[in-house]
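Both complexes shown next keep chain A, but they swap its partner, so chain B is in the first and chain C is in the second.
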Partner chain A sequence: MSARHESILNHARSRYFWVALALSLASIVAYVWHAPDVGPNGGTWLGYTLGTIAALLIVWLMLFGVRKRSYSGAGGTLRGWLSAHVYLGTSLILIALLHCGFQFGWNLHTFCLVLMLVVIFSGFFGVYSYLRYPTLMTRNRESATRAAMLEEIGELDQNALALADGIDPKIHAIVLRSIQNTRLGGGVFSQLSARDDSDAALASVRAAIAARETQAKATTNPQSGQTIFAMVDFLASGANDRQTEALRKLIDLLSQKKAIATRVARDIQYQAVMEIWLYVHVPLSFGLLAALIGHVVSVFFYW
Partner chain B sequence: MRWLIRRVLKQGKGAVSYEEDVHFGDTLTIGRAADQAIFLSDLRAALNHARVSAESGGRYKVESLILAGIRVNGQLTYGIDVGPGATIEIAGTRLVLLDPPRDFDAAVEISTLDKTEQAAEKAKRSKPTTLSQTWIGKRVPSWLLFATILALGLVLPALSHFSAPLAKLLAHSPLPTTRSWNPGPLDAAHRFFGDDCKQCHPRAFLTVRDESCLACHSTIAAHADPGAFNLPALGEARCASCHQDHLGPAGMVRTDQRLCGDCHTNLPARTQNASRLGDATDFGTNHPPFRVRLPAWDANGAFAPQVAVPAAGTRENSGLKFNHEKHLKPDLNTPKGKQTLVCASCHKPDAGGLAMKPIAFETMCHDCHTLGFDTFAPDREVPHAKVAEVSFMLDEFYARRALEGGVEDREAPGFVQTRRRPGDPPLSRQEQTEALAWARDKARKVADSVFTGRACVTCHTVTPPAADRGYRIAPVRVAGVWYDTARFSHNKHETMSCKDCHAAATSPVASDLLIPDIANCRQCHAGARGGGKVASTCIDCHAYHQSTTLKLKTL
Partner chain C sequence: MTDRFRIAIVGSGPGGLSAAARAAERGESHVLLEAEPHLSNTIYRYQKGKFVMDEPGILPLRSPVPFKAGSRETILGAWDEAAARLKINVRHGHEVSAIAKRPDGLFELKCANGKVVEAQFVVLGIGLQGNIRKLGVPGEDLPFVQYQLDDPDEYEGETIVVVGAGDAAIENAIALAKQNNVVIVNRRDEFARAKKGNEAGILKAIEDGLIECYYNAGPERVDALSVGRKKGRMILATANGKAQILIDRVIARLGATAPRGFVEACGVEFPSKDPASVPAISPQYESNVKGLYIVGALGGYPLIKQAMNQGYEVIEYIRGEKVEPADEPLLKAKFAPMPGFRSVDEALARVQKNVRLLSHITPLQLREFMLDSDVRTPKSGETVFARNDYTNSFYSIVDGEVQVVVDAATDQRITLRRGEFFGEMGLISGRRRSATVIAGAGCVLVETPRRSMNRLINSVAAVKREIDQVFILRAIQSRFVPEADAAQLADVVASATLQKFAAGDVLFNEGEVGDCLHLVRVGSLTISRNIGGKEVVLSYVPAGNYVGEMALLGDSKRSATARASIATETVRLTGESFKKLVARMPVLKLRLQAEYRQRAAANLAMQALPSGGDVIQFLLSQGAGEATDILLIDESLCVRCDNCEKACAETHGGTSRLDREAGPTYASVHVPTSCRHCEHPHCMKDCPPDAIRRAPNGEVYIADNCIGCGNCERNCPYGVIHMASKPPKKPGLLSWLLLGLGPGPGEAPVDPKKKKEAKEKKAVKCDMCKDVGGGPACVRACPTGAAIRISPEEFPAYAQSRR
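So, the complex of A and B:
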């Protein structure tokens, strides 16, 4: 094992890079040498040959989804398969373009090509995210696990409640509200946008609170939608020293919690980004398979 | 107002006991303060957390007293109107509002959630943290896309091939038809029926048959008779072998010389001498010498050209006497003064540009070569016509002169020479007979002179009369199509000068063959590769559908 980290791109001394390169070069040479009198197209013998290679490649590339699910390890390591998947999938762009002889139109055939290109380029994003996000995730977690971070948030919440209870029922209610509003994860877009919702709901209930708390003197501050600002308001409104000290501690605790919550949200975001492309890549590749079947059958239907 | 408060006490091994209490008051307060009707010790509860008040009809009003709100039936709320059975959750305690039993106005059941129940509640409320827990998936969209694309891209159009009503329906809908399979634009001539693929592709999974093409192209000529030439390539050739649509002009008519050259190699051996054509695979390097159609006439006088490869001594028998060299000299003396003739003075291309118009005596030769026959009548000429017409005209001319009198000819009878005046007695029967005899004699002499001495013989070969016939003028054929199987177009060679190909300026006799040979063409033209010359493939000069007797449709 070499000292250098082996990734999907340099697996087995980039074996599949060279395979894909050889395949591409062979296709280019054949294409240039062939030069049929009617112009290069999918209907010449080279067109059929490249088309057959491209179709078999697509089917083989889709078999990666099957190989991924099997743990038997048949036919090489999963990393080897992925490396080959990436490189041969990339060479497919060239082979398909040479197959069609750069003829495009508003038809099923070009639709198939476009679908194939979208699938491949979504795969490029996947390669990018697999190479980039694991590092970012590790750095973001700072050697903790997500479960440990969530547990820490829970403990901080308990401590904050205990502290707040010693200060004032109003502060206690605010902290309680803050705990309830700390929402990590959520829908697809919440996960992708790394929102942790820890204080966001506060502003929306301000009007209701103002109506209920008739004795509240604190003037509304545009920033006081955040728990911390709400407590600073309270500090400014005057309290005794012991309470002030406890409040400072509470603010510390909540800031700490906020930092961890942000990291968890980012962790969720990284994982979501690393997965989201597959939700495009996989369904579109099945669409591509259908378009490919349509392309091949229709071509021979009206031979 | 009487409230029934029932506490559920959990004991070991799942056993449960109840403790009931009565509370008097309009509202039921819940919180961590000591004065609350329902006291909760958990820190997650506020001092005055919530308030429940009973309303008419057995309903309850639940209000949160803090901004964190309370969870009623799993939903966070600040105030809600609920019926019996509603569940309130605060800080690990569950309150179920009940239908009040007899003697009570309201009832509530309180139970404490143990750790596993709390964890389950929390898990139920926690939001998804991975995409696989959200609504998006891969399996359903994959199947949907697969099925939709297969149905719209393949199945529906394919079914419309077999069902005319479906094809009509699809054509009037935004759904894809078989047109979506069209791999490339059709040739302009085919576009008017191009929406109907079945016009050319009547049967699925079969290549386009010749019958489909011949349905419209019914008069197209065959190449050669496959029965006469035992060549598989000839019999197996399909229209689509050379004409592929959907590929633009390059595919519509194949122009590559390989297509012809593959077959036109060693033809005599391959056809058991049925074909005697030489090898032709590349115009520049491998092409037989040109054959020309030399003018000739059969026994009946019909034009029957002889096709031959010109050799060094090959003469052209056009039937005309003509000296190109003399006519092309500058400043010729003509009746109209000095004139310089050029090729185009006599050789004018026909409207199609392929060949030259026939030479016309009246417009091209007559200015200099007049057909006068009598010095006493210098403005009279014989017609440029058949021998009989010339003789007839001379007979008439001299008969009239003889009967009129006043002929200046010493050999004529005296009364013919005498000019007759008005009032003179008419010629007697005897005189008339003598005058006409002289006229006939004179006409014959003049005809002899015209045919053999002065006019006709200048350009034509004249055979003197024999016992059974009169003068004979040899037939003439100057302009025409010279090459046997190729098409040469003067039109396309306009940039050239005539003398570049025809050595007319040094040709003293018309029997010089002035038609160029292949070496002349090869000065500019080469095969498909061209090199430094004009790249020329077979169909630049030859046609494939060239049979004059066979139609493709009848093969």
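So, the complex of A and C:
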């Protein structure tokens, strides 16, 4: 174990990059040198060789899923496996294209190729997200855990509710609605879009702050909903100073909560992005395996 | 009015109860005095349904009272039943407040309730828990004033006053505040006595208004009320006058008075001031006061079964019977491989005669010591331990000799003979073995585990003195001049002193005139320089290394500041004697200069980094200075897949021993909640069955004889130990994938039956996958290389790798 952190790309001095590069170069050299009379295709001896290599590579690349789940026992580090998975998976594009001799058609064979390309490119997105999002996630969290942030939201809600309770039932109802409308996470799209549904209620609260500021100039925002009117009415009605103070505090609390809720939503978004591509990558790779079997069988039976 | 008995037994814990039962069985005139209205208060106060274990399993139980591992209720039930069946003469509510021996030889036991009991013999089995401190004000015994809390969820919607500022009080208050109106009363103006986490928790709860707190306040009176909705009221004396609170309940958690004062007042002597020391007792458990016997935890035997056996034996001894101690067969098996073994007593005598270090202790202590230890008879040429092993046991040479390889390159060896000892360096520093030891001819060794040896060192001053003397000599010899013999070093050793530093203490400052050299014996140091008004850490000095030599050799000013990164102990060598040594040994000067050049180069490299030292400083502030191996996660690589946690759970019976998310982060370096395998593990401090061990490669692990008491969980400052029971078995990969049987790999195990009965819970912690090939599963399972494990020596290199 070395006393440093290495990413999957420079694992073991990018050993697998060189392996993949050598494999690719060897394939290109063989392809150029081979030049059969019928033109390069999957049916020549080189075509078969490259096809066999590609098929074995696909099976081996899929074994990564098994290795990832076998936690005990030897077999190298998972980091090494992933590094090799990425580099050799990339070289697969070239090998497969050389295997088919750049012949495409509306058939199972090309379908197989397309499926493979989709799997590989979804993998590229995975590599990109693995390199980009972890840092963003750390920065967004500011060393708090998600559980702690959620807890803080809960506390801010409780405090806001208690504060609102002391002001007026109307305000209490608004805050309660805002709390009930706060939704974090949820379905795939709400996770990816990083929206928390408390937006609407919170926006109206923010509008209330703005309205209160402009209230001195006696201009009210005609766009704002009932919420603002309730708040503004309150301030305008010249309620006693303590309540005004409490209301200001309440607005502080709500915006504080909004800030954290946004951070949590973004946290969920980052994690979702780092996982979502797997839902394409993995099922399609199983589809690819099936198509590959079809491809191999059909070639041997109908060729 | 006084009662007279032949034997008075104080305390109805396992030891006392067993003694009373044996006395009753034998028809002896006896009385069992118990302060509480129930038997065995310590076990009674365990939480409901707690599983109590019966370690050590190999020791047979010898008592008329049954005891088998099981839930607290089963055990207490069986004991109550046995007490009734054997017609034990038990007196509840008799808290003994004084024991005095009268001139006529009889003991007079005064009880807090005014009763007096006379007895010819006294058996003291009061344990170490002590008496619970009560409020000490009128109303302290009202039914709604309680001194323990079993289940905080039992109460709802009540107004509860919690008195106390310790961990127990805070934990109770926070747990109760969920469903009740809680007021906490603190005699002082802060919660400094509590653990950090608890302190933060209570302050937050107070700030949030969940708990009301009275600082600088104390209860003055508790009254029961017959009218109104509340059961009573408490009058508080506060800094601003009196306050009255209407209450449903008072929970006072004021700790306990340690029993030592009481025991000493009975005339029993303790061998040392160390709070861990126990009174010296004879092989028959008799103290220095004739006729006063001590059994159980108070006598240094914390396990239930041991105490019960002692209870039985002590009655037999009082009756003048000869009993073979229950551990006799165990000792016999231990001594059997010793050449010329005839009987246990003779073997013990031989050990004590040959090993001077052990001549300072009582025969019973030696027996206990030998029970923990192992007798080894390695063949000539066999390796006892190798250099860089992480073992920390201590060896005494009973017969024959061993050879210490001082310098592997030249195969220079020192021979140690009968009566000498070795292994003290690893024991004291908590670090790797500094040399390989090879057995010589006719070698008989006693190997003692760390805990037993530390207990001996702490309780017998003569042993400590002797070991320290030898340590200083050998440390100087091995670190500076292996070629010198003891006589040549005598003056340096004589002028050397041991110095202690707390974490953060400065040994010397940059720019000071140097007059001494420090050889780190326990703990570690950081070397830092003031660069541009900021203290920059340049290097980390673990135990076994020295600082401050250059000021003695060349320029007289200190070139950097040395600071203890954790609690540290050094051997301080005076400048004068060290200079003399250098003058006498020219080879030493060359050696020092060579090492200095290396250090200076490394320091320069660190100084060149803009913020290189910051990472080290951050890690050390997380307590990494006492680590031997720490898990670090690079958050710029971590994709939060939690595969590390899954791998940990999968390789360790379904419970992850690491919490990836928790823990601080600095510059993308995250220190997760995971065991650091400390040099001097806090978890080892107070393990009744001594189940926490260190493996040769440094892994601190918990052996199967864990009794699940939870002491290690409480003692670990890093929160990496928890109590868990074994989860159900999982299906294989294929049957999960194809048949959908049970939870898949990495998924949390579900218990279909969800039984709520007492389950055997044991402590679990990281063992660095010492039984799994290929290194720690968390690191191996990290797909992106974000998780690594490193030791503090590698911090500078690590900091440099992060630019």
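By our rule, the second predicted complex is superposed on the first by the 258 of 303 C-alpha atoms of A that agree within 3 Å, B and C clash if a C-alpha of one lies under 4 Å from a C-alpha of the other, contacts with A are read in each partner's own complex, and residues count from 1 in each chain.
To be clear about the criterion, contacts are C-beta pairs under 8 Å (C-beta built on N, C-alpha and C of every residue); 3 or more make two chains touch, one makes a residue touch a chain.
These figures come from a predicted structure and were not determined experimentally.
With both structures placed on the common chain, the touch criterion links A:G294 to chain B but leaves chain C unconnected. Touch criterion not met for A:L61: it reaches neither chain B nor chain C. By the touch criterion defined above, A:R69 lies against chain C but remains apart from chain B after alignment on the C-alpha atoms of chain A.
Looking at the shared chain after the overlay, A:Q271 reaches both chain B and chain C. When the two structures are aligned on the shared chain, A:L94 is found in touch with neither chain B nor chain C.
In the superposition on chain A, A:I171 makes contact with neither chain B nor chain C. Judged by the touch definition given at the top, the superposed model places A:P283 against chain B, while chain C stays out of reach.
Residue contacts after overlaying the shared chain place A:H11 against chain C, while chain B stays out of touching range. Across the two superposed structures, the residue set of chain A contacted by chain B and also by chain C is 146, 158, 162, 271.
Across the complex, chain A is touched by residues 32, 43-44, 46-48, 65-69, 76, 78, 126-138, 141-150, 153-154, 157-158, 161, 176, 178-185, 197, 201, 204-208, 244, 247-248, 250-251, 254-256, 258-259 of chain B. If you check the complex, the residues on chain A that touch chain C are 1-8, 11, 66, 68-75, 77-79, 81-82, 129-130, 133-135, 137-138, 143, 145-147, 155, 158-159, 162, 271, 274.
Chain C makes touch with chain A in their complex at residues 208-209, 632, 634-641, 643, 646-647, 650-651, 661-662, 664-665, 668, 670, 733, 744-746, 772-775, 777, 779-786, 788-790, 794, 797-798, 801-802.
On chain A, the positions that touch chain B within their shared complex are 37-39, 41-43, 103, 105-109, 111, 146, 158, 161-162, 165, 169, 172-174, 176-177, 179-180, 183-188, 190-191, 202, 205, 208-209, 212, 268, 271-272, 275-276, 278-279, 282-287, 289-291, 293-295, 297-303.
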